[in-house]
């Protein structure tokens, strides 16, 4: 049992060999093989292509966003198989829109790749740090020489027990940026290894690729550091959510206390739901979901009976060009948001923050109003439990 | 701008109204609307259905797994748009298979829903705890009465500052179980509120729904607590990965130190990549990816020049019935793994652990052999950077 | 250079040999050797005794506590060399007392020692778990047989990747309990190793002794899980602290946000200050300070312009018999609190929680009123900066 | 019941009034009041002085340290009431010395105080950041103008959801530095508030004072970022510790796994024990113990049967001038270490790291050799358990 491969690995022929292999094992793929694009468009996205996973798409919204980049009312495509999710987010979006929209804001925007350089002697480490600081402009040039779109953003050196940690940072334009910065950082370390004194290449290590919650990135951010916030009046709370600010805050404080008591890494309810659905619909790298969930939901009661709620996502790694953004359905979903192509990544990030905020408002409100379980009974059921 | 809805919300008519709305905004959806199933099969999975997100599927493997439930060689469908991912996991699977397979094991298996009960006076909390302990069998019966497949697994009471925290636990059979346990726990709290003394329903709160890394679940697990481990010989390391145990361990220790220094929540490289791709392919709830990444990668050098590596995933929330498992392409992918339907959830969890292990082996090895960047240049590129 | 030791290691003769060794190195110890007790009373507390560290003691309070065990007004001895600390805590105690006192409450009370048992084969681990559950009463008897005061509290078994983790729990009466439970758990593991099948003693490890913040202990607690809470009226806030609830909450929310953003382990300002000073004064094991700081400060504004504030200390390891409690000045300090000897440990824990609460109120208030720096300039200065 | 205070709050008269108050309550303080220094020397260290807490001092060592600042053999004064502690650390020191000493190294050295500036509008925050960057030299001058010894080390600005976070950093010479940097940062914020546009002083908050483990400080360090490391040969392991590298590593891996599984904040066994004892003896601020425990213990087996072990303490806040360093016994203890006064803080930090390393070696070895419990039975017992 071996997966058939060929030089041209997306030809009809080789794909059909792979499908036949499964067929021979008794597995038919009528749905998986039902797509209408030329498989060669998946080059750079996948190896050993056999077809497509089809995830149901629902249309949520509209949500009004008053961001710096995203301005207006947006219908939001969400890909999920979890019943209730689209309905619940839509309700949150309705509340936000009736409140006049949420504001949204990018606080920081860069991708980072860390390398560790190890040394036999402390003096060598100290010399190395000095050398790097003296050559930072050349290193910036080397990094920028590997890319048309990326801009050098910084180079942070830390003296850690095992050597010198260098965090290579770039602004990645509208690309999500992982590949771009890995190549730039790799090229920079090659250049450093050739030019700096005392470097043994075997002691120079790429030490992290993200795809996990990391506490030290929480303050500065990673990818887009973005927030969305809204003021909901007493009326909106009552009419959309059948709740009051004081009931909402009572629940919020209990939930907040539970985050502390249980050691929750993200102090939010379910950023992961809406962001996963948005990521899948819009061709984002779903592997970056864990860091996207390490933010916080902040809420306070207003003197007039309303609520002020902020969703903070410090580590949102997204893009609108390259990667999965070029694939057929993904492109269509980005078009729905007006986020296809260049110049749209920050707009997309602001919309994502609005979506996350909508979900938090809705889930806490439905729980307050004791409707959470009923909604799931009604919408989220495939079979008898 | 309002999303059209109807009583029968998956009829051709209402779907086409939604698609027309987008059309009127200038957005065509030729790919999104290209599927060959009856949309009514998505009821319970999505609201406001407009079509499908098509995520490229690649075939990785085979991987040999010597688990308690998964035994044999498996081809693994992975849905992703990140180039290199399938190739990299395949290489790790090859090493595992050449080593005779990885063992895999389920350490715990239950889903949990926490409720907080608040009281005005400490005495009331103490009485309540005693009351719950005296009535635990009745509570178990109430919970089990809401489901055909779930079994009561336990009820943990903790005295926390704001009141009594009850963690309602169930074994959920082959269902992922969130809905099942939410309904059971909700029904139990309704019963408790009716029967126990001094309960004000407004002070009884559902305080967490998961979808995030939570430290307190790390020890006991949540969903499936599963590990996969393998011994790779010197030969396999050299032939498959062009590396040695000592080079591998040098890198591993640098990376491990970086996990400490940076405060990484999961002490692993990229569980998120393979698990996201497997979740999307096989109809799992991708919102549970954050907790799936809070495990560890453990490695030690063997006296004979080999390596012993373990991937530990304490909080893997997966299922093989209900939810997204019933959808057309998702069902086909579960069939590829021999994991469709009843009696397969633990088998699926063991395979997932094997997949995660394969990815870790591969990414660290390619980095050791300085092939990581080359591979991404070759396979993971859509456009000039 | 070797520290002189003898069979009777607290005789005048051997102490004076050690002091002479330092004298010969040019170091006089007129203050360190100035004490009026028989050094033999330090047996069991220290080895190689040379004298005493003299830490200044200040008298704070009184603080009114309405606990279950601590009831009334308490003067509190605090040992510290940090100027302002006693004054600041006293101010917080004044506010609490004027508010009619803080309530205090013990939520849990046990000490725990974890052992890891490793096995070659999964079946052995499963058998072992079953065996332990069947023999839990005998294990409880073995543990209780090693102590006059400790009571078996529970034995938690978890199936972890490397084997079976057993957490041996005891209620330790008025002793802090580390030694008691280590001996009991050790004896239990010896008994288990003799009687259970398939145990290799080299694969049975004591894996933690505390003395650090541990997330998994946050929910259940460790030692005393205790809270203190108070309602401060608008008048008390103005008169004692020259602040208002809304100014206080504005600062609190900024600080709370910083705890999230910076990844603070304890969501409190400075429990460590007051607890360190109380621990040193009263003969507690200061090594348990890190876990004592992993609690939270919770605050909310009241409709009448007041504040409700709770200090939560889930892992407070303290005692009133044994260890340092028997030493001369330590005994005197425990007497000041009415906490000397048997039956006083929970009372002591409630007072400690009140002290921690007082410090939080004071530091946030002084910062709100912009008096924090002035106070430190006035009271906390030894020399020109 | 009111604690007597006076203008001259350390006069014999006022102290004796306080002691009399306790006497009237039936509490005698013969030991607490037994000291031979003039109480006025405690001004700036304590308020409402009543006497001294006398903590037993033991002499550990010698330990050989090959640091940049600490070079040679050191006897180490440890103040504790926990039996076995001095003996255990002495054994670790013996092993280190027989191995030729541990190396030690300072990686970073600065104290930091964070302020949050909040703004009504995003534009104001952006302007403010730019303004601060343009005026950084003036801010540095303002900070340095408040102190004779502190040097400006940096000013880090982060754009966080609630506003702009400024971390004011200083090198504090031989002072621990908290007061120094609080005053400098406070003065800087006053200057900023006067000169920068759009600042409302009520929206400028001091948001942290340390005294807790904080993840974001783990990478860069706080206070002294210091490590100590040693290579122990097979012979030293056998002769001093009656263990072997492979037994030691087996235990270490189990313990390390438990750190992961339990969510331990510091991946070390008991830094807190030795550091608390050293802090109390030498007049350090014990409130900084929690951050001192968030480091790691790193170990690997050497090909020749030896061990390489590193103790890493990224956040060690210590000093040798000011604060408690000027007190009588504290000064004597600093003299024992050759660390009294100016120019000694880094030397002290290197010794502290060596002490922490010694403790880790000893506790893991005694546990490996199954002597841990016996030692505690023999040395750490006051009474029948």
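In order of appearance the chains are A, B, C and D, and numbering begins at 1 in each one.
Going forward, a contact is a pair of C-beta atoms (placed from the backbone, for glycine too) under 8 Å apart; a residue touches a chain by one contact, two chains touch by 3 or more.
If you're wondering where the values come from, they're calculated on a predicted model, not measured in any experiment.
The set of chains in contact with chain B as well as chain C comprises A, D.
If you lay the C-alpha trace of chain C over that of chain D, the rotation comes to 180 degrees, to the nearest 5. Here the spacing of chain A and chain B, counted between their Cα centres, is 17 Å. The geometric centre of chain A is 41 Å away from that of chain C, both derived from CA atoms.
In chain B, the residues that touch at least two other chains are 160-161, 165, 215-216, 218-219, 253, 257, 261-263, 296, 298.
Within the complex formed with chain C, the residues of chain B that make contact are 68, 105, 107-108, 122, 158-161, 165, 215-216, 218-220, 225, 227, 263, 296, 298, 310, 312. Residues 215-216, 218-219, 253, 257, 260-263, 267, 296, 298, 300, 314 of chain D are the ones that touch chain B when the two sit in their complex.
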